[in-house]
Amino acid sequence: MTRPATEPSLPSETPVVRGDSPPRPPAVEVEGLSRRFGRRVAIRSLTFALHDGDCLSVFGPNGAGKTTLLRVLAGLLRPTSGSARIAGVDLPGGAAARAVVGLISHQSMLYSALTALENVEFAAKLYGVSAPRQAAFRALERMRITDRADSPVRSLSRGMQQRVSIARAMVHDPRVVLLDEPYTGLDEVGAAALTDALHALKRQGAALILVTHHLGEGLALATHTAIMREGQFIEYAERGSVELDAYRDAYRRAVGQ
Amino acid sequence: MSTTGVPGMLAAAALIARKDLAIEFRTRSAFLAALVFSLLAIVIFYFAWDATAVSAADLAPGVLWVIFTFSGLLGLHRSFGVEEADRAIDGLLASPVDREAVFLGKAIANLLFVLGVQAIAIPAVALFYNLPLTRVLAPLVVIAVLAAIGLVAVGTLFSAMAANTRLAELLLPVLALPFFVPIVLPAAQATARLLSGRPVTEALSWLRILIAFDIVFIVACALAYPFTLED
Amino acid sequence: MTSSTRAERTATEYAGPSTRSDGGVDWLLIVAVLALIATVVRAVAFTPIEVAQGAAQKIFYIHAPSAFIGLYVAFGLVAVSGALYLWLRDERLDRIAASSAEVGVVYTTVVLVTGPIWGKPIWGTWWTWDARLTLTLFLWFVYVGYLILRGAIEDPGVRARYSSVLGVLGALLVPFIHLSVYLFRTLHPMPIVLKPSEPSLPPEMLTTFFMALASFALLYFALVRARYRLAGVLESLEDDAVPEAPSVGPLRAEPVR
């Protein structure tokens, strides 16, 4: 991949105006973000912005900082320096920012003794969704797991738990969805349901950040791609310009360095 | 999607408390364990003492409050254990509710748990040790509630910390027991006064310590809780 | 690891341990030990024997200073450092707290051991629930809990935060123990014991007492400082093991062709 002749897209530019809608602050705005744990630097001065309808797929080896980045954007970790904003709201301490974010992480974040529906309904109430039970049911519907709605989560297989976890993350129609390897453990039905749900979210104007090892799945949804290594984006591209095979080679090169 | 608005601190705490109680009710294992432990301990203590040397009425306050602490520990332990299992705590922290609401909600659930065990243990002690319970029931309930509040304030915080460590079950008692002494001592002393028929006013100075402890530690532990979260 | 990254590390905001007497001799510690020996010699050979209690009273010169320093100075430092750490998040404060706790637990153990040794010939019992011994016992438990807590956590950030919280709460506990014991003793008259006379010591004893206090204090500071330096060295050794990531690629996300 060669360096561009085009201008870089910097967060300081005015947000892109789509259609007739008035300019909104970018869904995700990260500037000089760093996060360290003691002396270990997990994220090193990261800067990027995402607008409504964007999907950023982040690839990279283990330990690159991808999960840390998602945890910072989810409000679970504070930046050590720099800033992160969700829908214009500063992250550390910003409950209003957390209210529009949905997180799917490595662990299910479910209560194994409660049923699938109860778990998602609880999340809906936490986010202040009106008619939480119906919203929970609809979320389970989108992930095609309503038949197990009244089963305790502990009785569900890993793949089904993953689907419930995804339903939980989306029950409040988040504006930003952070997904950490969401396809893990999903079967055909689950993967198809997830892809459909993500497309629907994109159409509604949500911004997605998808961390995945699976290049094919990552590229299918992406409007932007990034390869993360040792806390930095070492490649960042708009999807339209990237093909799967070329990207695979570039990824191997970038990671193998 | 329309929202009714993110729940405020108290509403969120109530929500979390309800969720914790729903989980406990679903499995009931911790509650039953605490209950059975209490009853067994009550019986064992009775036989461990020489009934001719020490009257049951003298023994009862001590037994009651010792059991209270240890059965309380059983309940406290499961409080954050359930959040650790699948990192459900992340789900709570990534949501827009206040961090303090998480503490408050869990503390309320723990309080109801402890009071639930007490509601059965106290009559059991009265039964096995032949205590004139009805006479002193009202003040005893007050003492029980105050003691439970103190236990739960400190215990919820420490169980949040202990859940994150390697030695969770061992660490919680080691950390918490020194802090339980200013609860157990006044409670036991006040109970002893009541049971020996002394006027309630004598127990008051002990109750004042208990109330002061409750106030100080509810505030301190609620303020300390956000520091125990990864940040 | 390149030399530039090592230089980079020394310029970070976390300063390394004080290296003032690295490789050299710890003069403070030597002076403190000598002072202590001098005090013991003076106490045994050159201080008059107290009339009522006999030779056993001389343990007082170890017992009382240890109590004062172990309970108030050492634990006070643990609590204050902890509180400051929670505010400033400087890891050096946590190291101070931990060092003070380790030395403090030793001093309180000395109090708990010398108390009965002193008490048996005088009071006839090994243990008495008098105010100071009881408080010392509780603080000893809190110290031990503090050290066990630190031992059970590997992540230095979590360890520091949890220890600080425990330190501050422990300090809050002290007045309640005082209050409980005081109330207990006023309502339960204990057998009258010969209260060792402290304030009204004759001049030679007073001098010995102050010498003892000074040497124990000196020893305390020397030990804490030595422990602090050791902790600093250990931490920087651990950090050497974590590889610094080399700077790779652009820091800003620019769309690539």
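We call the chains A, B and C, going by the order they appear; numbering starts again at 1 in every chain.
The rule we apply is simple: a residue touches a chain if its C-beta (ideal position, glycine included) is under 8 Å from a C-beta of that chain, and two chains touch if they have at least 3 such contacts.
Quantities reported herein were computed from a predicted structural model and do not represent experimental measurements.
With chains as nodes and touching pairs as edges, the resulting graph is complete, every pair of chains being joined.
When every chain is represented by the mean of its C-alpha atoms, the one lying closest to the mean of all protein C-alpha atoms is B.
When you average the Cα atoms of each chain and compare centres, the chain farthest from subunit B turns out to be A.
Computed centre separation for the pair subunit A/subunit B is 40 angstrom, with centres defined by C-alpha atoms.
Separating the centre of subunit B from that of subunit C, both taken as means of CA atoms, is a distance of 32 Å.
One finds 47 Å separating the Cα centroids of subunit A and subunit C. Shown for subunit B are the residues that touch two or more other chains, namely 230. Within the complex formed with subunit A, the subunit B residues making contact are 1-7, 12, 15, 19, 22-23, 26-27, 82, 85-88, 90-98, 230-231. Those residues of subunit A whose C-beta lies close enough to touch subunit B in the complex are 74-78, 95-96, 98-99, 101, 103, 105-114, 118, 122-123, 125-130, 135, 152, 168, 172-173. On the side of subunit A, the complex with subunit C involves touching residues 1-6, 8-10, 37-41, 44-48, 224, 226, 229-238, 241, 257. If you check the complex, the residues on subunit B that touch subunit C are 154, 157, 161, 164-167, 171, 174-175, 177-179, 181-182, 185-186, 189, 205-206, 209, 212-213, 216-217, 220-221, 224, 227-228, 230. By the touch criterion given at the top, residues 9, 12, 14, 91, 155-157, 239, 242, 245-257 of subunit C touch subunit A in their complex.
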